[in-house]
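Note that the chains take the letters A, B, C and D in the order they are written out, and that residue 1 is the start of every chain.
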Amino acid sequence: MNRNSQLTCGQGPLDKHAIAALIARDIPRGAYVNLGIGQPTLVADHLPADSGVVLHTENGMLNMGPAAEEGQVDPDLTNAGKVPVTELPGAAYFHHADSFAMMRGGHLDICVLGAFQVSAAGDLANWHTGAPDAIPAVGGAMDLAIGAKKVFVMMTLFAKDGTPKLVPECGYPLTGLACVDRVYTDLAVFDVTAQGLTVRETFGTTVEELAGRLDLPLRRPATA
Amino acid sequence: MSARLCEHADEAVAGIEDGSTVLVGGFGMAGMPVELIDALIRQGAKDLTVVSNNAGNGDTGLAALLAKGRVRKVVCSFPRQSDSYVFDELYRSGKIELEVVPQGNLAERMRAAGAGIGAFYCPTGVGTLLAEGKETRVIDGRTYVLEYPIKGDVALIGAHRADRTGNLVYRKTARNFGPVMATAATTVIAQVREVVETGVLDPETVVTPSIFVDRVVQEADRT
Amino acid sequence: MNRNSQLTCGQGPLDKHAIAALIARDIPRGAYVNLGIGQPTLVADHLPADSGVVLHTENGMLNMGPAAEEGQVDPDLTNAGKVPVTELPGAAYFHHADSFAMMRGGHLDICVLGAFQVSAAGDLANWHTGAPDAIPAVGGAMDLAIGAKKVFVMMTLFAKDGTPKLVPECGYPLTGLACVDRVYTDLAVFDVTAQGLTVRETFGTTVEELAGRLDLPLRRPATA
Amino acid sequence: MSARLCEHADEAVAGIEDGSTVLVGGFGMAGMPVELIDALIRQGAKDLTVVSNNAGNGDTGLAALLAKGRVRKVVCSFPRQSDSYVFDELYRSGKIELEVVPQGNLAERMRAAGAGIGAFYCPTGVGTLLAEGKETRVIDGRTYVLEYPIKGDVALIGAHRADRTGNLVYRKTARNFGPVMATAATTVIAQVREVVETGVLDPETVVTPSIFVDRVVQEADRT
């Protein structure tokens, strides 16, 4: 575990803990946030104790606490990944229709999701490889993708085989159309804007280098 | 963002703009946020659309807001009551618009607004005046009317207790429209009898989670 | 008050308490029932103490008890007519959307409503006289009319001016189409069936007399 | 009608017919009505459509029902899990149908069934495989997919406590689909840890009112 990774601007590539720390830094105080299953859950480890950030889990809870430690496990209290968790003061429980109404009605400030691919227009593919023998399983991903006020993606910029995951158009089946606001990766952070992808920061690389490796026009931030 | 605790109802209603759609909780007097309505009268916003089950009783609360000429339109299920003379007079003299909505549609249309539903096919009102001009569809042999969400700019609701993050619990039938309106407005303002420390409310019993609540004020006669 | 009116078959016309008693007799044990504002609330007075009937009030309660007596009044606890009421063991409170979902989703066994007119096809008119200066007010009537498994109407058979309230087609604006199952009146009880109106019982009159006064074909029950 | 208290899970599931649509509560193991599922296996109904968030784990509960070949079709949001090998094998060998539904649609479609809604325009899944062939409509500039209710013949749910009339309370995130499924099925059967006398549950905290519950059984290992 590397929970104490510090943001090292300019150095890179970042490991998953450093990406999680970056995301945590960008979550405003008191925000209501859903962290998707898998790597996005690491973001919780990097939220300051006094952040006032309230975590939502789609199986019906606000103010979810950290994973249960030994002796704290309660089979009635799990997160969306079915991992035993804990409860913080100010918690509330609700049923699934209310939980998803909360998501779909635009009440969550931010959700953080993993991705197979994100397109230049902010289309998200994160539920299905489309492989003929794959068993499709979507869970709450499509609801989160269209529901949260801001959708942050956390992923590596390139797949293990070196192909980019930030692409002109997604090849994998979509989770949602034009729903991603920002993409946090090991090599850079991107904003999806009406004018295209804007690079916010790079880690151990440059915008020019990235532009060469991605089949995409990249913009620098207006202030850069 | 977490709810803000306000010292006074005037602070809680600050910034409500002319022309706003204001959802007002309560069923009769139960759950009626009287102090917030009084503060809204002092605040002065006008040209309002008020969505509430009734259209005011007697001379206070909603009726007083109407009497001041601040309300352009009322959307409600039951404007006519024995003591709804303020509304009656404004309506009969053509000074206020009225949209009568079946009570279940009022609740469900606000729920839809809060839940991200674009529209829904509803069994209530089929073949009646209140469905005239509305799209209908036969589904599985039954006719439904297409109904659209009602979204508020502001909701003024009354609840029993709040914790400091804005979680709300209600009491008995004063619950009524509060929890639904809390999901359906951009800014949700709750008047409560008591604010308790966070952690005091049993998480199983919270009816309106803090995510829906923007501002909380404790009733003045209880502070 | 005449809470002890007994059903006097053959005698009539019945007063409102006797009609209420008739209706109460026909409500099965343990049924979930909504009693409309006005005269239908009298039905509660005639339910046996051990009936197990559960009263619903659309402002968000099941197991509503009798009207509050002096010293019991709680401004947070009223019925749909805004009258202070009480709570019975087994009560539950819920918000308006849940309460109307319960009604509209077909979960109530019976509702009892007043009426201006009922048509031979079971159309109900009970919310609006259609008079040009009337202020329309519908409340929950349209939701109850289409939602309950059985809709019972409680009314006098003739208006004060002598015109029938059971009619070939309603002249007043409708509350619901083909929604009434049974009509309890001071002079007779009618079932609305696919074959038309069937007379279940008469009080101080006969089917022939009623047929003469109503502009409607009337059937006797199959077993009569 | 008030709920019937059953002595044993076998009595609670009696009469479930072949070909039924069975809503099964739980999210993972939290809220999963394991004793009712085991009783359903003994009861023998087959050709079932099961609606549940998942498609069974390991060899017990829902997975055991699937393994017995009783289920024709699964409607769920997330069939694939680390230990969903029973489902995986049936699916890959073409022995079971699968309808994947986004989790929010699963909940909202059952809510619609329980609330009398004929269909609704939903923002989830627009432009994806799961909306293919479905009607869409643009409302206020946003595209929605038309979704229809999911109604059950039977719901099997797990709750924490019931009173003798069938009012239910849940515990923590084991609440999940139970309250929604309880509104959406013709016959609702609840497995609870404890049955208490009527009047013991605080009416403010009842999550599923007794009107929705047909049969209640206390878990065998707690009787």
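Methods note: contacts are C-beta pairs under 8 Å (C-beta built on N, C-alpha and C of every residue); 3 or more make two chains touch, one makes a residue touch a chain.
Predicted model only: the values in this text are computed from it and were never measured.
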Contact distance in steps, from subunit B to subunit D: 1
Pair of chains joined by more contacts [C-beta pairs], B-C or A-B: B-C
Centre-of-Cα separation between subunit D and subunit C, whole angstrom: 35
Subunit A-subunit C separation of Cα centroids, rounded to whole Å: 55
Inter-centroid spacing, subunit C versus subunit B (mean Cα positions, whole Å): 29
Numbers and ranges of subunit D residues touching at least 2 other chains: 108, 111, 115-117, 122-123, 170-172, 203-204
Where subunit A touches two or more other chains, by residue: 61, 87, 93-94, 100-101, 104, 146-147
Touching pairs - complete list by chain label: A-B, A-D, B-C, B-D, C-D
Subunit C partner contacts - residues on subunit D that touch it in the complex: 1-2, 111, 113-117, 163-165, 167, 183, 198-199, 203-204, 206, 209-212
Sites on subunit D touched by subunit B in the complex: 108, 112, 115-123, 137, 139-140, 142, 144, 148, 169-172, 202-205
Subunit D contact footprint on subunit A (complex, rising order): 57-61, 74-78, 82, 87, 93-97, 99-101, 103-104, 123, 128, 133, 135-143, 146-147, 173-177
Residues of subunit C that touch subunit D when the two form their complex: 28, 30-32, 52, 54, 56, 61-63, 87, 89-94, 100-102, 104-109, 146-147
For the subunit D and subunit A complex, residues of the former touching the latter: 27-31, 53, 77-80, 87-88, 91-92, 98, 100-108, 110-111, 122-130, 160, 170-180, 207
